Amino acid sequence: MATKRVREILSWYRSDNPGTLTNLSRLLNSGELAGTGKLVILPVDQGFEHGPARSFAPNPGGYDPRYHIELAIDSGCNAYAAPLGFLEAVAADYAGEIPLILKLNNHDVLQDEKDPLGAITAGVEDALRLGCAAIGYTIYPGTLERRLQYEQLQKLTLEAKRVGLAVVVWAYPRGGALSKPGETGVDVTAYAAQIAAQLGAHIIKIKLSTEHIEQAEAKKAYEKYNIPVSTLTERVRHMVQAAFNGRRIVIFSGGATKEDANAVLDEARAIRDGGGFGSIIGRNAFQRPREDALKLLGDMMKIYKGKL
Amino acid sequence: MATKRVREILSWYRSDNPGTLTNLSRLLNSGELAGTGKLVILPVDQGFEHGPARSFAPNPGGYDPRYHIELAIDSGCNAYAAPLGFLEAVAADYAGEIPLILKLNNHDVLQDEKDPLGAITAGVEDALRLGCAAIGYTIYPGTLERRLQYEQLQKLTLEAKRVGLAVVVWAYPRGGALSKPGETGVDVTAYAAQIAAQLGAHIIKIKLSTEHIEQAEAKKAYEKYNIPVSTLTERVRHMVQAAFNGRRIVIFSGGATKEDANAVLDEARAIRDGGGFGSIIGRNAFQRPREDALKLLGDMMKIYKGKL
Amino acid sequence: MATKRVREILSWYRSDNPGTLTNLSRLLNSGELAGTGKLVILPVDQGFEHGPARSFAPNPGGYDPRYHIELAIDSGCNAYAAPLGFLEAVAADYAGEIPLILKLNNHDVLQDEKDPLGAITAGVEDALRLGCAAIGYTIYPGTLERRLQYEQLQKLTLEAKRVGLAVVVWAYPRGGALSKPGETGVDVTAYAAQIAAQLGAHIIKIKLSTEHIEQAEAKKAYEKYNIPVSTLTERVRHMVQAAFNGRRIVIFSGGATKEDANAVLDEARAIRDGGGFGSIIGRNAFQRPREDALKLLGDMMKIYKGKL
Amino acid sequence: MATKRVREILSWYRSDNPGTLTNLSRLLNSGELAGTGKLVILPVDQGFEHGPARSFAPNPGGYDPRYHIELAIDSGCNAYAAPLGFLEAVAADYAGEIPLILKLNNHDVLQDEKDPLGAITAGVEDALRLGCAAIGYTIYPGTLERRLQYEQLQKLTLEAKRVGLAVVVWAYPRGGALSKPGETGVDVTAYAAQIAAQLGAHIIKIKLSTEHIEQAEAKKAYEKYNIPVSTLTERVRHMVQAAFNGRRIVIFSGGATKEDANAVLDEARAIRDGGGFGSIIGRNAFQRPREDALKLLGDMMKIYKGKL
Amino acid sequence: MATKRVREILSWYRSDNPGTLTNLSRLLNSGELAGTGKLVILPVDQGFEHGPARSFAPNPGGYDPRYHIELAIDSGCNAYAAPLGFLEAVAADYAGEIPLILKLNNHDVLQDEKDPLGAITAGVEDALRLGCAAIGYTIYPGTLERRLQYEQLQKLTLEAKRVGLAVVVWAYPRGGALSKPGETGVDVTAYAAQIAAQLGAHIIKIKLSTEHIEQAEAKKAYEKYNIPVSTLTERVRHMVQAAFNGRRIVIFSGGATKEDANAVLDEARAIRDGGGFGSIIGRNAFQRPREDALKLLGDMMKIYKGKL
């Protein structure tokens, strides 16, 4: 039976049909954090995003698509997210063992553009035939072609909701209009979270932000109204606020691999304390030896349960 | 039973099917101004258009999507307009309490282009599943890509009318071909109203204009025929004339927040005296403390009822 | 019963289905010129093309969409042509009183480009639901984007013919590849008429041309074969020849308002004497006082009937 | 009953459905050359391609669309090819008298680009409703936008074959990547024939080529393997080889009008002797006086029957 | 009955429907290598890619489309791959004699761009009507328009899998972002294999790579983790690893014709020893005299069976 917290979260999505609510419920009721309202998700799209050697040579087991879904299952993640090929390679053999998120667009770095723009690499029909609980899509607010992305997402979102899937949006500000620090600036990151929420995302994935404020007009507002953004916890809280004041699930990505597992855990604590809903942690998990990864993921889950 | 005035207004739209007439009727028969033929609408798309902090920090209750629809209901607005995410967050919980307008395109300022161009962020099917009375769409006459906008609007309008929804068009002249004063010049604003009307809008939202006349050919006509445009009231009257001589509903936007509520009320009086159909007032409402906003909206409605 | 001349004209369009033939017949059998094979059509798209004040301030009754259709009916025009908004505003109230032509694309001058390109502002389905007899579409041969226009027209034409509507094509050479005099040069105008005919137009609207010959290769042909184009009547005859040697209906536009009504009437005589099928006359009609316009239109019809 | 030769030719197209085979059979079994496996086709798209005066002033009867189909019928051509307008003007009156080929794209010279690109001016559905046996489409290999053309052709070809129509491809190398002599160079022309064949054309129309070899890599092959291309007959033979070694129908266009009819006949002899399948001859036919054209076409047919 | 190895290979594709599994099985169970899990495929798209003379003059029998499929059948290849025209010319006459792969996009060199981009030249429906077992599509990772290619492939792949076809992807890194050696660099080639696998390819065709490492970030990984790539066999093994650690079929192309057949055979040995799944060998087969080609293909098959 659903916990009170899961029911509360589902109550924020009452515009969705029971099919989508069921899939949201699957995401919230799977793995070690089932029923807590918190999520730890394992995403593995680096093979496409950075190439296979950069992604899997640190821990070569990861060349095999079975490695990741097994890691996600064994560590008790809420879900496993990947592009079409990786999911096709495992969906039948592990059917029903963990909710799947099919990443519908992907970007490679064979041309490393200033304004990244992914390509659609799978569709909603693929998500259905593979038994997925949700689709995933990355937008890059700030890029020249963000409109194309928003419109692709709009069509995919409408289609997904019609057939009862949930929608997870990766919202990563990028592009020539922003300074490098601006890409993770607190104002820009909050803006990206807001856009993803307004586009109809059920779950929003953003990066952890810095104190930097990018836009002059925004700076005036942050200063005039004394919005507290000096600590990571405060910034997490601000992001949750920016995403409909806590009525949308906001999770945070882990970024590049950190040698020191404690740095990752400290971030999880800040996410928890700021009211964030959890982590989506890829390289920091699958690029570590399996035992280290299981330990790290287990510790993160303990943190989210308030036990570490 | 419908008032004589509402029946008169509906008689201008006899090309529409009963479904659309019903939704127009819902807009005209809701809230404090029900039956008067006047409208005050609360729109909240600033989160997408300007970012969350600039929009909601002045009155942080507004981070929560419930705040706005409650403000619209409690103040007696005719309708509440917002992008997909904000409506999805409230449509089920407040179903039937106030007519909704789903804003189908939106524009962010992470790249602040000279020629703005929004993206489609929701569709007609979304408007139907959320129980909306109308769709909203912004055109920017004067921009390079206005044709794309007109053609997007054409497709959405056809689809909306087919399924019995009303169409509200935000017509905001912008872009490199216009001088900054030209964007609110009386000739350009009237031209935008005419374009929106010819594109099949049921309700046209424009900005209040200035005495400035932008186009040389237009200037000749204004001078030769002594078109009176020196007062705000005259310019409102001219806009109503430009929109099929009063046979299309034209409402006016409030613009940036004004400290002095009286300035807002004076504009409402000019709109009323010029034969305008009302106001669509966002930041001036939701960025004020709730009590101030209720007072201001209430006063505006009194003005439209001729009681202030 | 159809006159011999109307039957003859309809015999040129035997590839069309009875639905389209019926609508062509409606156009030819309406108004003062019914049965003569001649047409005078009132088009009012200037509100979109030039803005409301430039269009309607000379005769402010024209701000009201009812003004024009009443003028067209009362003067005995064969048809009334306008964009979506103007037709939606009158189609129900005047249903069946005069054949309507829905103009499917329109162009504004808020950016006055060298190479004009309109936007699609209505569709074939709109024409059907409004009870129209025909669709209208403007091509600008000579412009960079003429291909886009031809292909839009191709799709709309196929759709219109499938559902039994007639197709009226405005063929106005324009654009950077042509000199200003070239836009109305006799060779270029004849070329535009040919293109419209080959694209499947039932009725072709062109401008009256001048003696100017634009293209070097064409000049050789005009000189070698002594094609007579020195008088307006000869040029009209050449246009009719260029449009399948008289087996397609070619009508001529009136252009900008002329103070002197006699200039307009002289043009009508040249059109008649050159074998043209009539006039499509907008500004010269609706920008005059109503009584003057009725007189002018009446006189034109007398000319086409050989009575003036 | 089909001749042995026609059966042999049809055996090359066994991937096609009986509908398409029937239409190919109609093309091969019509007119003076019926059953011989040779074709002479009259195409009249110059009105669109070059304008009406340049096309029809030399023989003004040609302004009338009936002129051409009558010429094609009376001279015993296998088929008549033209754009939409010309076919619509005659298809009903001459129904069943000669196979028709609807030219689906066309190009005008009001902007004479280096890289020509036609527009789609009719569709497969038009070909069906007009009773055509085949569609025609022009590709310009070598141009910047050849991909767009190949993809338009791919869609039209698939649709045509589905509904039992034959596909005729005009393959004319052009564009900025080629030198002027290269456009008719033997290597480039053979390449164009190969591309058309690989794209699924049933009948390929190319120009007669010259000895010029355009591409350095190709030159090496022609020299190393001593491919004989010094006479027109040899080059025709090479083209037939390039189009699946004789298992696709390749016909040759007549080009600009030649004063001397013998030059045209000499070309026909070279086509015949090189194993070509015939001619598609427009201006050389319809720009001559009717009697001269009938004589010329008749002589060509005698040549293809080996009687001249 | 399927061999154990074929059943093992099919087990990697359990997300596919029985229709696609059946076609994969046909590819693995045809010809000399049936049941071994190895493949030798004959592809003939050079006529489109390089022109007919460069492709077929070395062995003129190849102008005839029957030549190639007979060579493929007689040599015992697993499949024959070609563009639409070549398959249409033989599919009925050789129906059922060898699995066919329809190449859906093709590129010509009439404009030899730095960033190649093919055009879609056939569709999934064509593959079905011609009785093919699979579709083929070429992506050029590294080019400007790779996104267009990925998205075309995505749509075609979804459609193919829905109707039970297999998908073969040619993954050839190219384009302005890469140095010339980079196009076959080991990192870039592995990246291309990964991308093809993530896009859902069942069979991936890549080129043999060199020791060159193109991308700085990748170089760090190859060095840090001592990935062995100094011999051809090691690089083949790395490619197989990069394509889901051996759980996707990776085959290698033969490249330009080599005079010395032994060089081709040595490559086959390296492919076999590195765990590759076979070869797709065009010019080295069809540009040799038929007997030499049969000998070479036979020897390659012996190598894959471990008998040479």
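Labels A, B, C, D and E are assigned to the chains in the order they are written; within every chain, residues are numbered from 1.
Keep this in mind: a residue touches a chain if its C-beta (ideal position, glycine included) is under 8 Å from a C-beta of that chain, and two chains touch if they have at least 3 such contacts.
These figures come from a predicted structure and were not determined experimentally.
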Least hop count linking chain C to chain E through chains in contact: 2
Size of the rotation, in steps of 5 degrees, that lays the CA trace of chain B over chain D: 145
Cα-centroid distance, chain B relative to chain C, in whole angstrom: 36
Cα-centroid distance, chain A relative to chain D, in whole angstrom: 58
Residues of chain B touching at least two other chains: none
Circular arrangement of chains, read from chain C onward through chain D: C, D, E, A, B
In the complex, chain A residues that touch chain B: 12-16, 141-144, 146-148, 150-151, 154, 158, 162, 173, 175, 177-178, 187-188, 190-191, 193-195, 197-201, 215, 217-218, 220-222, 224-225, 227, 241-242, 244-245, 247-248
Complex contact set, residues of chain C against chain B: 47-48, 50-54, 57-58, 60, 63-65, 83-89, 91-93, 106, 108-112, 117-123, 125-126, 129-130
